[in-house]
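Two complexes follow with chain A in common, the first pairing it with chain B and the second with chain C.
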Partner chain A sequence: MMISPETKLLLRKLRRNRLAMIGVVLVSVLVLATVLLPWVLPWDPNKMDVRNALQGSSAAHLLGTDQFGRDILTRIVYGGSISLRVGFYVTFASLILGVGLGALSGYVGGMTDVVIMRGMDALMAFPGLLLAIALVAAFGGTMTAIVIALTIVGIPRFARVVRASVLQRKESDYVLAARALGKRPTVILVQDVLPNCIGPILIQTTLKFPTAILGEAGLSFLGLGLPPPAPSWGRMLNEARSFMEVAPAAAIYSGAAIFITVMGFNLLGDGLRDVLDPRTQSARR
Partner chain B sequence: MLKFILRRLLQLVPVLLILSVLVFSLVHLVPGDPVDVLMGEGHTDPVVEAVLRAKYGLDQPIVVQYFTWLGNILTGDFGSSLYTKEPILDMIADRFPATLLLAFASAIVAIVISIPAGIVAALYRGSLLDFGAMGIALFGISVPNFWFGILLILFFSQMLGLLPSMGYVPFFEDPWTATKHLIMPALTLGTAMAANLTRLVRAEMIEQMSQEYVRTARAKGAPERIVIGLHVLKNAMIPTVTIIGLQFGGLLEGAVLTETIFAWPGIGKLAVTAVYERDYALIQGVVLFAALVYVAVSLLVDISYRFLDPRVKLN
Partner chain C sequence: MNTAAEIELPENDTAVLTVRDLVVRYDMDEASIHAVNGVTFDLAPRETYAIVGESGCGKSTVALSLLGLTPIVGGEIVLDSARLTEMGRAEMARVRGHKIAMIFQEPMTSLNPVLTVGYQLIEAIRLHTSMGKRAAREHAAKMLGRVGMSDAERRLRQYPHELSGGMRQRVMIAMALSCNPAVLVADEPTTALDVTVQAQILALIDQLREEFGTAVVLITHDIGVVAETANRIAVMYAGRIVEEAPTAALFADPRHPYTRGLLASVPRVDRVPDGQPMPTMEGSAPSMRQLPEGCPFRARCSHSTEKCETDPPVRVGEGRMVRCWLYE
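This part shows the complex of A and B:
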């Protein structure tokens, strides 16, 4: 793949952005941990051992055990793969659908634009989590249902961002030139307009990821995620609530896992925004 | 002004129509027949089934069902809960004050934290203060509010025994006890909003401070206190007020989790209970109500924006 000089410059700027690099490191460590640690850890995430329930941290169980004697670290690691998968599917699906609808709306204009954008307005009027709850309640707690629910909530923002930047680029000289050359509208949209909207799309993508992870955690916290014994972080946190007085560890660690993951992606997203949109720079670069 | 408001209301019509179709189809997405739920398990009497179908209009074509439903909604009839048989609008009206109190308290928490923090961060840009404020904002944006709430309970209720870990007392019955119950939920719900607002206030201040009018004011010798306090702050607050309004609608969303953690009897908790009881009519009602509140708040924000910023043309 050829890397353009602009991309190289951006990458160099991103590398110099300290907070973004912390984000990159956090995210990479997380991904590596969820992929590699299951091979290393000796425990089964769902194997119960009631005699060793609610133990504190020890050499055998680094973060202790939960109410069924399951190893908390192992469950957090396996839970990470649920969170990251949901985050990935939801972000990818909202990206594809949102970019499609937004580009169509911005480029075609007219009635198409009005219909799509009013639909997006209507979707945005729903409190996101409430809509997701209602959808998951209707479809049942499966991976597909969770992903569909969170995607529906995620599309409008993508569509708006893309529409706005397509509108901005539509009348630029290179698009007019492409039109004068007799290129077909779809070709212009894909070849000339969308590649120039990549900045805002990229920022929205990195910021969608943590929102999706928080959404899944929220759903499973309410008991609407994957059914037990799936070790999703939200469910672990909710189950740990009942034992908080005797053993706060599970509640603290499972929540911390969500927090650190979300923060990693937010740092990365903020860094990208600093690099791509210098108007909104954060405190230190 | 009146013309603007009318036009804005007219624009809402298609949005509200789409919204109503979405909410209506929500219940029809549910796998299975609502009549089965109404009849209870194991009952298969075809006569009873036919009666129920006729009673709830389920024997009508779906389009007819939609318009009947829409007509009922427009006359303020949200239907009844499948579980308690209570009118849904009454159930919502019962819980809404608690949610409203929580939302207001959270907004106050957010405003009290974010405006000073954002201003200080912008004035001392690049300093440790700025770095600290932005670090806390990052924390606020990343922390899952249900975890933060649990940590607060762990610290203030279990370890220090200072605050009650759950429950709700109406504010006007006993303001002191009510406030004690309100502190942790409001902090939990207000954190994310505070974080977003701090970033926004900082960005707006920085943006305004680089404007020409600031240089002019300084050049004619206006003291810094006036330049910042009068000119910059006023202009930075216009978008801030808009966002406060819009985020207020968003507080309803966070209320679902916050109310669950603190056993706060608002509409968020009502929605969660409805889900557990598979009370689809009630879920439908709450979702519709929350969306309507959001639309109404956005409309108010839009109108007040025109008042605050005379540069925004009314037409």
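This part shows the complex of A and C:
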């Protein structure tokens, strides 16, 4: 589809939002680093070299080495790719399933709505990480298991946001006009209702991304993520804890990686919300 | 509630649309809203039939009912000898926008903001015809021309927010007429527009009614709007038609006390009273949740007697109808 003038206007507004632009830069740097640096860095993230363990920064090891002598920068870069993949899969899966369930719930209404929304309420009654821990413990520590666990935790919020939005659009004049034209309900849902819910969905998507990354880091910190020696940020942070007084580099850098990534996505998400939601805009002016 | 099978309008074989004893009720959580309580009328081909009344009298509900978009609980609607009130959902969807189409009050919000005008227009055409994309696009451009929009090709690529209210209403009209319906229902089509644009849109609807041979049901609260375009006028009050007459006759000789009150409260340039307040009707319309027994207008009527506590009779003659005890 073409870029509509409305979209152009939103992009311009986004560009003027300084915090959002910081988010864009952080996220871009992160993505570029995880994609490009593996080609440049000479080290294998999992190759141990115990003689060079726990070193500080040097020309060879820019951020030093961990307790097994592995290059910290290399591990952070490879860990970034794990984090981003988990973030992407989880966000995508919860987006699809959440939008589907939320749209069904809001558009069909009645018993369908009651059943779906009570199911979502039940999922939301558990603290997110606790539920994920239980699920990963059940499925085992593979990428698929982590993604499934975090997705199940992520669906309810999407479903709620989409349902609320669909309920609102369903009563709009253009939906009535579409019905008066003789459009079928499914066509109206796809053409007239959902495209107009894109704002809240987009915001929820950008906010889900850092939550998913944080979730994966949390799981691996607790030892439930990908098994060693996979360079996951959460696990690196946990392993570095024991050596924090002697060699704080590993802990600082993996912590910083998590922090910067999550902050980047959050700033971007907040910026998008400011741009897409007219109410927050008027409050700022 | 008496749903009045008493109305004996002259049976009209040529009527394109026949509505008999239409009853519509919205069931809410605690109460039911009796929006339409026995509406009967015929629509002749190429005719403009206006339904006027104040907010909440049920006129918009009548409009939506004609397209089967309300919970109809009684009566029947016959369009071109097809009984709409007995149709299933899928069958009704094929009639909507095809045999009977509608335009709405708010052109600003009646178009989907994320799709181009062309996409929406082509979609409307392809819903009810077997036209291919290209043919539908040509037809869409032609329709825009017929509703008086120049530069149709560019308009097709524009989004609704790039058009003014009057332009959007033209697009709505083009969409409604694109499948050449037998009946066009216009629900307050000019209320949201500037006065100058109002006249243009009304003239356009009238011109297209002629060209397409469509009959028009014009719903409005503005009796001035109907004076020029309508052949016949029905005055609605509390979910019923209280008076129906040819336009000229209604203005010359309003019979129902409500119609008289309505006409008296229209401000007119040629009789500005010096320093006198504009005439208004006392009181307000009864709640549609709980309508009183008998004539619903009696609390505001200066002619009311104890007779009015029972349902008023319907008097038909001279091509007009009035529902009032005064003419018994």
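Rule of thumb we're sticking to: the second predicted complex is superposed on the first by the 278 of 285 C-alpha atoms of A that agree within 3 Å, B and C clash if a C-alpha of one lies under 4 Å from a C-alpha of the other, contacts with A are read in each partner's own complex, and residues count from 1 in each chain.
Just so it is clear, a contact is a pair of C-beta atoms (placed from the backbone, for glycine too) under 8 Å apart; a residue touches a chain by one contact, two chains touch by 3 or more.
Note that the coordinates shown come from a computational prediction; the quantities given were computed from them, not determined experimentally.
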| item | value |
| --- | --- |
| Three-chain arrangement built on chain A, chain B and chain C clash or fit | fit |
| Partner chain in contact with A:Ile116 - chain B first, chain C second, else both or neither | neither |
| Chain A residues touched by each partner, larger count belonging to chain B or chain C | B |
| Vertex chain A, arms to chain B and chain C (CA centres, degrees, nearest 10) | 90 |
| Partner chain(s) touched by A:Ala178 [first = chain B, second = chain C, both, neither] | second |
| First, second, both or neither for A:Asp192, with chain B first and chain C second | second |
| Partner chain(s) touched by A:Leu237 [first = chain B, second = chain C, both, neither] | first |
| Which of chain B and chain C A:Ala212 touches, first, second, both or neither | neither |
| After fitting on chain A: smallest Cα gap, chain B-chain C, Å | 12 |
| Residue numbers on chain C that touch chain A, as the complex places them | 67, 69, 93-98, 101-102, 104, 106, 109-115, 123-124, 127-128, 159, 161-162, 172, 175 |
| Interface residues, chain B side, partner chain A - complex | 14-16, 18-19, 22, 26-27, 29-31, 121, 125-126, 130-131, 133-134, 138-139, 141-144, 146-147, 150-151, 153-154, 158, 199, 203, 207, 249-250, 252-254, 256-257, 260-261, 268, 271-272, 275-276, 278, 280, 283-284, 286-287, 290-291, 294-295, 298 |
| Complex contacts: residues of chain A adjacent to chain B | 114, 118-119, 121-123, 125-131, 133-135, 137-140, 210, 214, 217-218, 221-224, 234, 237, 241, 244-245, 248, 251-252, 255-256, 258-259, 262-263, 266-267, 270, 279-280, 282-284 |
| Residues of chain A that touch chain C when the two form their complex | 4-6, 172-174, 176-184, 191-192, 195-196, 198 |
